[in-house]
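What follows is a short report on a single structure.
Letters A, B, C, D and E mark the chains in the order given here, with residues in each chain numbered from 1 onward.
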């Protein structure tokens, strides 16, 4: 039998104004197990807490009921108080007689009656409480970063600088991501390569960082602090540790007509290639879909010219198993397909391009060596039309684009317009916009410069139709402010395509049991207060996998994710929530119902030998809950047909005792 | 395969070619067009107002007639097709509208939106198949550069018509290819010719029609095909200086039926 | 003779993350609802076993309401989706047995919806009150 | 008359025992009366030849027995499964309740089982023997000289009239065809109840369930009820109760039982078959099946091993609990 | 602002929700009859939303819309301006004596190639 103490709080007049606290204390004295009952003005005050501690000692209490404000307010406080008095903190129950009683009822008799009933329910529950101890699990002091763009690079560097080993998994042959494809960066206009490539080198040289390029995560098991990850390293047919990146093979490869994905298909590359000069790792990769040697065994030129002997046509995919304490998702974004927006003639004319293609066209390392030339005929365009919000801010019923604002387009378009006017003052630049959204440090100033100093024609309105005719693109658009329909003969049309999460994110989220929104962006544990954590413990979010972001935001979020990871890896042990599910093996049928509803994969099965009622032994399959993974939702307890699965802290018996107390 | 066929008013009159060739070609392609008995005009245009019931009844009767024979309903004229398909769609999704309509359907039987509506082009693509069509061509139209003109009614609203990509359609281009000619793709092929506004503002119709013709010519076309009598009328009347013919005529020519038809 | 006013007994199961917090918010904003409503805190609506609901009716409850996070917002990602199916089936079965379907209800109340919580409880209490005492599922032994 | 004869089954069992494929045979044997058939375990030819029975009264679904028997038996068990039994067989495999390797399943065709109450309604009490081997069932009573000839189709059990499937969904070997799923009218009775007013329904069930004597036969025969410890036997479950104390207990027991097997019940009908009070318990299970089919798409428990039952599954746009009544009669 | 009866009627008839509009102007950008219209598709949407319907009813713009659905197709917000234009036009021609076209107008419109479809359509659009 428990020895329960009841403490009724006045909360000044907050409770005492509507609830006769003395009557409550008196009534609860008669409840089973209650050996002491009292009231006090402010139970959460130091004096109140001291009184609780004193009473625990004096009355040898084994359980405590506090009738006070919501447990969401002070449950933690009173648990600490109990612990300080030598009680198990989980022997405390709160009866919420403020938010759910005194504050919503006006009359004293009604409030008092309800407070007593709520108190009785709490007493009934405490009678069945058992001391709970949080489980502990070790932490593997190594982090995995999935994605090697600027987000992944920054997160990895920050974690590694704190002294923890980090692995980066990047599916492309090089790290660098989208930022490596950009020309200049807003609002300061530094060259993307100039600020990114040193970081890439830092990553390559950091003794704590390993890069798995041309690799993907293929399986994730385990839980926070203890992830078991399988990484699939695709065969690149070049020995990474032998290749010196000299490029002789690239030069000699006879198959030179492969669309170059780094330049978004605007020029070609050989079948063996290094994506760009500053690639990390700087090693060649053979494209198996293009290489004649791999396709039909005819060629082998690259092996012959490679003095280092790095070419290996027999290379196989490799699977690497590694343990990690934390996982950071940094899978990034892609522009959406323009197939459903062909009123802009993207599929009809080479001179209708996306903004990312425009970046490559103006990049010194791009297909035109930085000269702004039209893809169709290599001529300098004299009239350029930029179209904003292509596929962004669409109604879901339209089933074409995305409902969200892609956030970065206004700024990069201002950049494109400004740079164009700066370098080619004879070019007319039109920007059709719905709204210009430039919240951010020095952002609006930047946009205003484009308008005021560079005389970019910003027109409020949208382009309705692009008609390629001869070597012109006839652009039909509306100018809402002058209430006119405009017809512009353009040489180049640039579409600010909406951005969407990388396609690899969805299967990855499934592997990680991390949740996503309908747009396939990863969801945060809390949108405001825990923005870099996924609801799944030990999984963190960095960069555009969580939502559209520009580079400064991405880098700061990457740093924030790193600091969360460091905070986790710095611990030797993790304390769990003790209110987790557990299975009574004697009753468990091993039927898998619980496993099916568990959102965390916390339940596994094992075969165990049992003595049966007839004194024989039998091997049965029974469920086991991993307390470090279980988050304590209780879905399994209801799915379990035999009632073997129960939830500590919210046991079937406890909840039914509460029901009984309320209905008595 | 037997299908219910709705020619519509214009095909019985000014656009006889569209109708005649459609029937002859269908026969060769193994499809029997059974003309719906006692059909009435489709209504010309689909009135988008939800409370407009009377003007849509003739289309519903048509659909019901096909349903009674358990056949899909085929149309050739773009305008008829648009009206019938939109009406059918309204019967499917707008319960209130369907209920109102069915109050007038006592004689014909209640209609539930279940008839499958095909445009003749869809029949060619989805039922006959362009590969089969290609095999049946006896007179490949080699060397002809043909611009398909879709206009507005055939493709839009795409959520209802769901025949092809509304901005980048291929159904007619693929047919042209199957007939051995070269399709010419041009941006204005899905822009409106001016339609019925030619009675209200001939200048507007002229401007729009010429924009289509000029675009097609600039893209190298030496002929335009269409599925809509009104499109053809507007394009020709407003000075098209390349031939504008119905797609069925082209089809007949490739299938070697045209001479017979002219007799 | 004055007939004593019938006061229904209502048990409300509220998930800790949304609805219980919503109830607290109703309190913070002093939004009244009938005192007949007594709240039991559960970690997630999916913790509520149909047995708890039957038990409440057995012990004399006149109405049982279950509140959780809005679908899609479950703290545990999917708990309330299971709740939705389980309760849909349970309620349909109770109805099949001839027990008034208005005595059971599921509502999604977020932590921000104090006003909704109060409105829902007020409405549910009125509905149950109008039905009168629960006679079809109660265990007479448990009645005072 | 069944398509496969008792002799054929015995020969099959004997040969499988002889060649060592199986070490024992789960089969039917005669009880007190000819129609009173009970399950039995045979381990040798002699006992098989003497005791093994197969006739129109062999309704018992053996799937459930495999849970306990496979744990005890060395070697494989031969089990004869009627089509409806195979669904339970699969469902238990889905729930990992026995080791498939330890079972040799022979599928046998079933022409439907007879309901002895219907026979008695025709022939009266005092049945001394029943011969099911002829075209008609020959029922000998102590009051008549000649046996009464009964048409087997006229005494078919309810669950066989509404048979949902003649398809064997699990077997190692088949005697006869694999069979097909058939369209049945099994939900008609549920629909009839649904069409009643709540008061009528309440009265109906009050009538039925008040006859419950809590003998637990339904639970004990149910192939879905294989819990190691049944909640009704577990003092900590809060619903433990040995006998019905009042009308509430009756309902509570049956609601909880129906809910526990919801999504797992294959609609084999054993509950109603074994109920000594003739309570139509299968209607509760069918109600759940009907609701789940209507709300979450067609689902047949046991149709395949490893399928995910509706109640341990969800979609993000499931209907709300309040919406299950939409479109039904608004009689409340 | 109080919703006028007329406004409500227009929204109900057309099924259009003008509040979904984000004023991007793509409807007007894509409209082939733009230059002939006094009020353009995006203005129809905003004016109906604001209850400023009288000017629309008096405007010739009603009879210039081709119902070609380009605005419907390309609207990123699924607003469907053409349906709103049609609703306003119907609100006008359903009034007594407000028919835009009569049978007497026909002979003047005819030439030897005029397809029936043209007359039927025009009648549908301009006449109750």
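Note that in this section a contact is a pair of C-beta atoms (placed from the backbone, for glycine too) under 8 Å apart; a residue touches a chain by one contact, two chains touch by 3 or more.
Since the structure is predicted, the reported quantities are computational estimates derived from the model, not experimental observations.
A.B. asks: What's the fewest number of moves from chain A to chain C, given that each move must go to a chain touching the current one?
C.D. replies: The fewest touching-chain steps linking chain A to chain C number 1.
A.B. asks: Tell me, which chains sit next to both chain A and chain E?
C.D. replies: B
A.B. asks: Among the chains, which one keeps its Cα centre farthest from the Cα centre of chain D?
C.D. replies: Computed centres place E farthest from chain D.
A.B. asks: Once you count every C-beta pair in contact for both, which comes out on top, A-D or C-D?
C.D. replies: The greater number of contacts lies at C-D.
A.B. asks: How many angstrom lie between the centres of chain B and chain E, each centre taken as the mean Cα position?
C.D. replies: 24
A.B. asks: At what distance in angstrom does the C-alpha mean of chain B lie from that of chain A?
C.D. replies: From the centre of chain A to the centre of chain B is 50 Å.
A.B. asks: So how far apart, in whole Å, are chain B and chain D when each is placed at the average of its C-alpha atoms?
C.D. replies: 60
A.B. asks: Calculate how many whole Å lie between the centre of chain D and the centre of chain E, each centre taken as the average of the chain's C-alpha atoms.
C.D. replies: From the centre of chain D to the centre of chain E is 67 Å.
A.B. asks: Which residues does chain D have that touch at least 2 chains other than itself?
C.D. replies: 231, 237-238, 311-313
A.B. asks: Quick check: what residues of chain A touch more than one other chain, meaning two or more?
C.D. replies: 343, 465, 597, 639, 652, 656
A.B. asks: Give the residues of chain B touching no fewer than two other chains, as numbers and ranges.
C.D. replies: 167, 191
A.B. asks: Taking all chains into account, which pairs touch?
C.D. replies: A-B, A-C, A-D, A-E, B-E, C-D
A.B. asks: Inside the complex, what are the residues of chain B that reach chain A?
C.D. replies: Where chain B meets chain A, its residues are 159, 165, 167-168, 185-188, 191, 215, 218.
A.B. asks: What does chain A use to touch chain C in their complex?
C.D. replies: 70-73, 96, 98-101, 103-106, 110-111, 113-114, 117-118, 121, 515, 535, 579, 597, 599, 631-635, 637-639, 647, 650, 652, 655-656, 658-660, 662-664
A.B. asks: Show me the residue ranges of chain E that touch chain A in the complex, using the header's touch definition.
C.D. replies: Of all residues in chain E, those touching chain A are 20, 22-31, 34-35, 40, 42, 70, 74-79.
A.B. asks: Can you list the chain C residues touching chain A in their complex?
C.D. replies: Per the stated touch rule, the residues are 9, 11, 16, 20-21, 23-28, 30-33, 35, 38-44, 46-52, 55-56, 59-61, 75-79, 82, 86, 118, 142.
A.B. asks: Would you tell me which residues of chain A are touching chain B in their complex?
C.D. replies: 339-343, 345, 347-348, 399, 465-470, 474
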